[in-house]
Amino acid sequence: MTKPADLTPRPLNPAPPAPEFPWPNGKKSALFIGFDVDAETAWMGNRPENADRMVTTSHGGYDARVGTAKILTLLNDLGLRATFFIPGWTVEAHTAMCESIVAAGHEIGHHGYLHKCPDPTKPDEARDEIDRGMAALRARLGVTPVGYRAPSGENFAALLAYLQEQGLRYSSSFRDDIRPYRHRLPDGRPGPVEIPVNYAFDDWNFGMTSRVDPRPIFGRDAILPIWDEEFQGMHDWGGVTTMVLHPQVSGRPMRWRILRDFLAGVAARDDVWIATGAEITAHFEACETSARVAGAERDTG
Amino acid sequence: MTKPADLTPRPLNPAPPAPEFPWPNGKKSALFIGFDVDAETAWMGNRPENADRMVTTSHGGYDARVGTAKILTLLNDLGLRATFFIPGWTVEAHTAMCESIVAAGHEIGHHGYLHKCPDPTKPDEARDEIDRGMAALRARLGVTPVGYRAPSGENFAALLAYLQEQGLRYSSSFRDDIRPYRHRLPDGRPGPVEIPVNYAFDDWNFGMTSRVDPRPIFGRDAILPIWDEEFQGMHDWGGVTTMVLHPQVSGRPMRWRILRDFLAGVAARDDVWIATGAEITAHFEACETSARVAGAERDTG
Amino acid sequence: MTKPADLTPRPLNPAPPAPEFPWPNGKKSALFIGFDVDAETAWMGNRPENADRMVTTSHGGYDARVGTAKILTLLNDLGLRATFFIPGWTVEAHTAMCESIVAAGHEIGHHGYLHKCPDPTKPDEARDEIDRGMAALRARLGVTPVGYRAPSGENFAALLAYLQEQGLRYSSSFRDDIRPYRHRLPDGRPGPVEIPVNYAFDDWNFGMTSRVDPRPIFGRDAILPIWDEEFQGMHDWGGVTTMVLHPQVSGRPMRWRILRDFLAGVAARDDVWIATGAEITAHFEACETSARVAGAERDTG
Amino acid sequence: MTKPADLTPRPLNPAPPAPEFPWPNGKKSALFIGFDVDAETAWMGNRPENADRMVTTSHGGYDARVGTAKILTLLNDLGLRATFFIPGWTVEAHTAMCESIVAAGHEIGHHGYLHKCPDPTKPDEARDEIDRGMAALRARLGVTPVGYRAPSGENFAALLAYLQEQGLRYSSSFRDDIRPYRHRLPDGRPGPVEIPVNYAFDDWNFGMTSRVDPRPIFGRDAILPIWDEEFQGMHDWGGVTTMVLHPQVSGRPMRWRILRDFLAGVAARDDVWIATGAEITAHFEACETSARVAGAERDTG
């Protein structure tokens, strides 16, 4: 049971805004390439009745049959490392696919177990998702993740505390900042680092449509200018551009090419730090320790 | 309690159409730059259960952490003053952010308390939103607003009368005209001035998408031509171009740049009056007093 | 009461496909410029609870305050005549606006009374809409319309028969052909002529968004190429391009300009017959009489 | 009755990924031009109450009156053969139209009877759709189809087995691969061949909007670059580009031209095998028999 929503005026995210700190080696901004390898869980985690609908879940099946391999090839061609957030169910259902990601040297992040949207009214379920996802990553891949991206992009205070307890050092789900910051837990203690996402880089917004969720889809001329300018703007501001990609979208032929061209453009620059979530977190933590993180004035209302 | 909807044929807005009157200094049209600084209220005012959903509300948290400061920088760089409509809850939750808006010399407008959509079946709630919003602006910012923009863009006759009673001299919510006009209250007395909005300048239409409200998003090539041509058309007609912007949208990197380029284009012209809502209202009122407002023929059915 | 849906296989529209017949004066295709002057009825005809929501209905209020006058100016500038389908409620609520349309020499068509979507399960309501709409047009404008466009674009067999009984010689609502054809009533008798619409020319698809119906909106670069090419394709096929415009959309500054440029382009051609619905119907009827209408082979299943 | 969804981790499609095999004559990829000739069933198969709504179903009526004939002309002009998936109801309601497709030498595929979305909780209904659809194709057209495309694009394991039993050698509905593969039935036996579809080539995504399903629509500049680049990407990967077209969409004037230009572009190449579903299936089967299909490593979790 949870108590009714507390509408008392205060920042609903109690964490102070992102502090100032330098990126490594004089870089002006960071690019965090994140993939959510949901596979079928994107379609039946929150809607279990879809598990028997083979075409609906076949969108997710593309991950294991085609998409992830194509993405790995792309990253290899460009010499880039990324972070792959994988639900425990996907690890168990498609172990060989997940092993290939590990083998290619990419970071593996936690993405729940069945991709259930964290629900503040069901804290036990949310914790169970963490436990089972962690167990699957350890048992099948021998990986203990340090990063977490919320399935369906949702989170709540008690879950942040639980992430911290379980050793997850960073989260990458929030939409409220342009640079990493440290969460503050309900009891005032520091929580995980947040590497906030940029929803303009969620490929689902442009390239997924289905019977159960019809949406318009867009091509290169609509997407690449958005990505290029959003990146340039973020770069000018010294932030982190956090991508929310999915092999079942960006592993499709045209979308793979659009992603390739965007990434190649950034990779060709010498003023951008392309890093995994773990690397960004480690850098942030090191800055905190060495006091290179400037105290940010809190907006306390 | 309210009575059932009255479907008697008559203009549902009893106010006469906008009268003819000149813009100051021979300008041909006006630009009214309005921001709604909803912060988290955009996400939980009408859906309080979202208050515990930290990622959903993090869209709104961007206002206080990043967006508003970026917008203030932009306006300062261009030497422009704007009107910021702020819900009372936001003033109380993010007082420092709001103080920075005041300190930069911009107008503060009323935007309800918890951003509840005015509901004609709940007039007491709607009045309470006005009272509490007014109290918050006065207590925390020392500001008594003269302008009001309806949260969620809705209004009804009894609320217009109440706005008038509470000293609000203008509203900026209606979609039915291209120039300011004076509302007529149910009893026939004059109501507040209306500075009608142009929904093509609501950045939410182009740049916001979320788990709870998935929508397509668009970039520069889709937006700037719309804004430029809509503005030019309105200019040709001698109207007011009223923008409905949000720091949580236009304070994002790419959108900030699109807004910058649009505003810079208008600011470079010498035939446009860029003014706050209060200034436009004062001008309209002065024209009324000096009889420069020509009587407009009423469409009385 | 109506009987359950009849799913027996047969063309659900029993009318034969459009016959072959020549356009007048050797023209290769026809352009039918139709406006639906819904005013507030678009927002509260099917949702009466919106009648008290002044901003929602203010979209419709734009018709009477600004939009229709702008459209009349545009048509006058281009020397074009069009057909305006007006609900009875709108005629009674905004009589002066409607009189100005009549005075400008345009055709007035029937568009229901309160813009209620014709519902096959409520035939009495649908007939009442016809009766009251007809009465309003006669009483207030002295007009007896010959054409009908279904509010919300819906129709059913019994309503087609009733249109015929009431002297309405044509309908312009169906999406199933590219040239006019004659309806067949349930009892096999001929019904009204249909001038089928082209939904690519419904401006609502591109230019309307609201709190109660959020939709993406588009500008010149998205719309004008669609209209130009759709028109050219229809012209090549010798059909009729039937527009479904609304002053509350196309009477907005940018959209007015887009419409102007499209219409000017067609008007500059010498191979297109720009005609009202009544003119097209009269021509079709004359061709029928003179046997210039070739018998079309029926697809009888 | 069916049992509750089985969430056990395993690929929800038990078929191994598409094997490697060569396209005929050294071609690098294949193009499968598929049309769904739903006619009215698209609008009332899943919503029988729409059967009385003549404008809603008139979208589908366009197939028989105009669209299919236009598509046949286009294919004839380009010298291309395609596959037309037709529901049994449509065959019975519009027999002459369907006969014209057969007469033009195109392949006829199975598309259910009333276009009911296959529902795993209603297996009897799904089987009945197969039986009645098959009977209609045989009785009215003298055709025994070898291919099946799921109405509303859905499928489930028991239905795949039933397709196999009924002699359907291929399905073209799944979204999970880029090359043909063979289904595996629940009991482990081989099922039909799957020719997976590419939803970027579903014209409904770009060109259909209606009262009951309002959606944005797009023109040439948005569509053709998507199709061209998606095709080129698929070609580079050696896959099959499977189109999901509808005469009620692509038979409209502008969309017909866009489709024409796309198809003409592919037809002008000498490295693409343009083939029907039956031809692709026969080729795949021949490769299997001749052992030219390389065993693909299965992702077994």
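First chain written, first letter: the chains are A, B, C and D, and each begins at residue 1.
One rule holds for everything that comes next: a residue touches a chain if its C-beta (ideal position, glycine included) is under 8 Å from a C-beta of that chain, and two chains touch if they have at least 3 such contacts.
For clarity, every value in this text was computed on a predicted model and none was experimentally measured.
Asker: Keeping to the contact definition above, tell me which chains border both subunit B and subunit D.
Answerer: Touching subunit B as well as subunit D, we find A, C.
Asker: What's the rotation angle, in degrees and to the nearest 5, for a C-alpha fit of subunit A onto subunit B?
Answerer: C-alpha superposition angle, subunit A on subunit B: 90 degrees.
Asker: What's the call on subunit B versus subunit C, same or different interface residues, using the half cut on shared numbers?
Answerer: different
Asker: Hey, how far is the Cα centre of subunit A from the one of subunit D, in Å?
Answerer: Their C-alpha centroids are separated by 35 Å.
Asker: How many angstrom lie between the centres of subunit A and subunit C, each centre taken as the mean Cα position?
Answerer: About 49 Å, centre to centre.
Asker: Mind pulling the subunit B residues that touch 2 or more other chains?
Answerer: Answer for subunit B, listing residues that touch two or more other chains: 216, 218, 221-222.
Asker: Based on which chains touch which, is the overall arrangement a line, ring, star, complete graph, or other?
Answerer: Chain contacts: single closed ring, each chain with exactly two partners.
Asker: Which pairs of chains touch each other?
Answerer: Result for touching pairs of chains: A-B, A-D, B-C, C-D.
Asker: Could you pull out which subunit B residues touch subunit C in their complex?
Answerer: Touching subunit C from subunit B are residues 2, 4-7, 9-13, 17-18, 117, 120-121, 150, 152-157, 160, 173-178, 196, 198-200, 205-206, 213, 215-216, 218, 221-222, 225-226, 229-234, 236-237, 239, 297, 299-301.
Asker: Provide the residue numbers of subunit D that touch subunit C in the complex, in ascending order.
Answerer: These residues of subunit D touch subunit C: 40, 44, 48-62, 64-66, 70, 89-90, 92-97, 114, 209-211, 214, 216-222, 252-254, 256-257.
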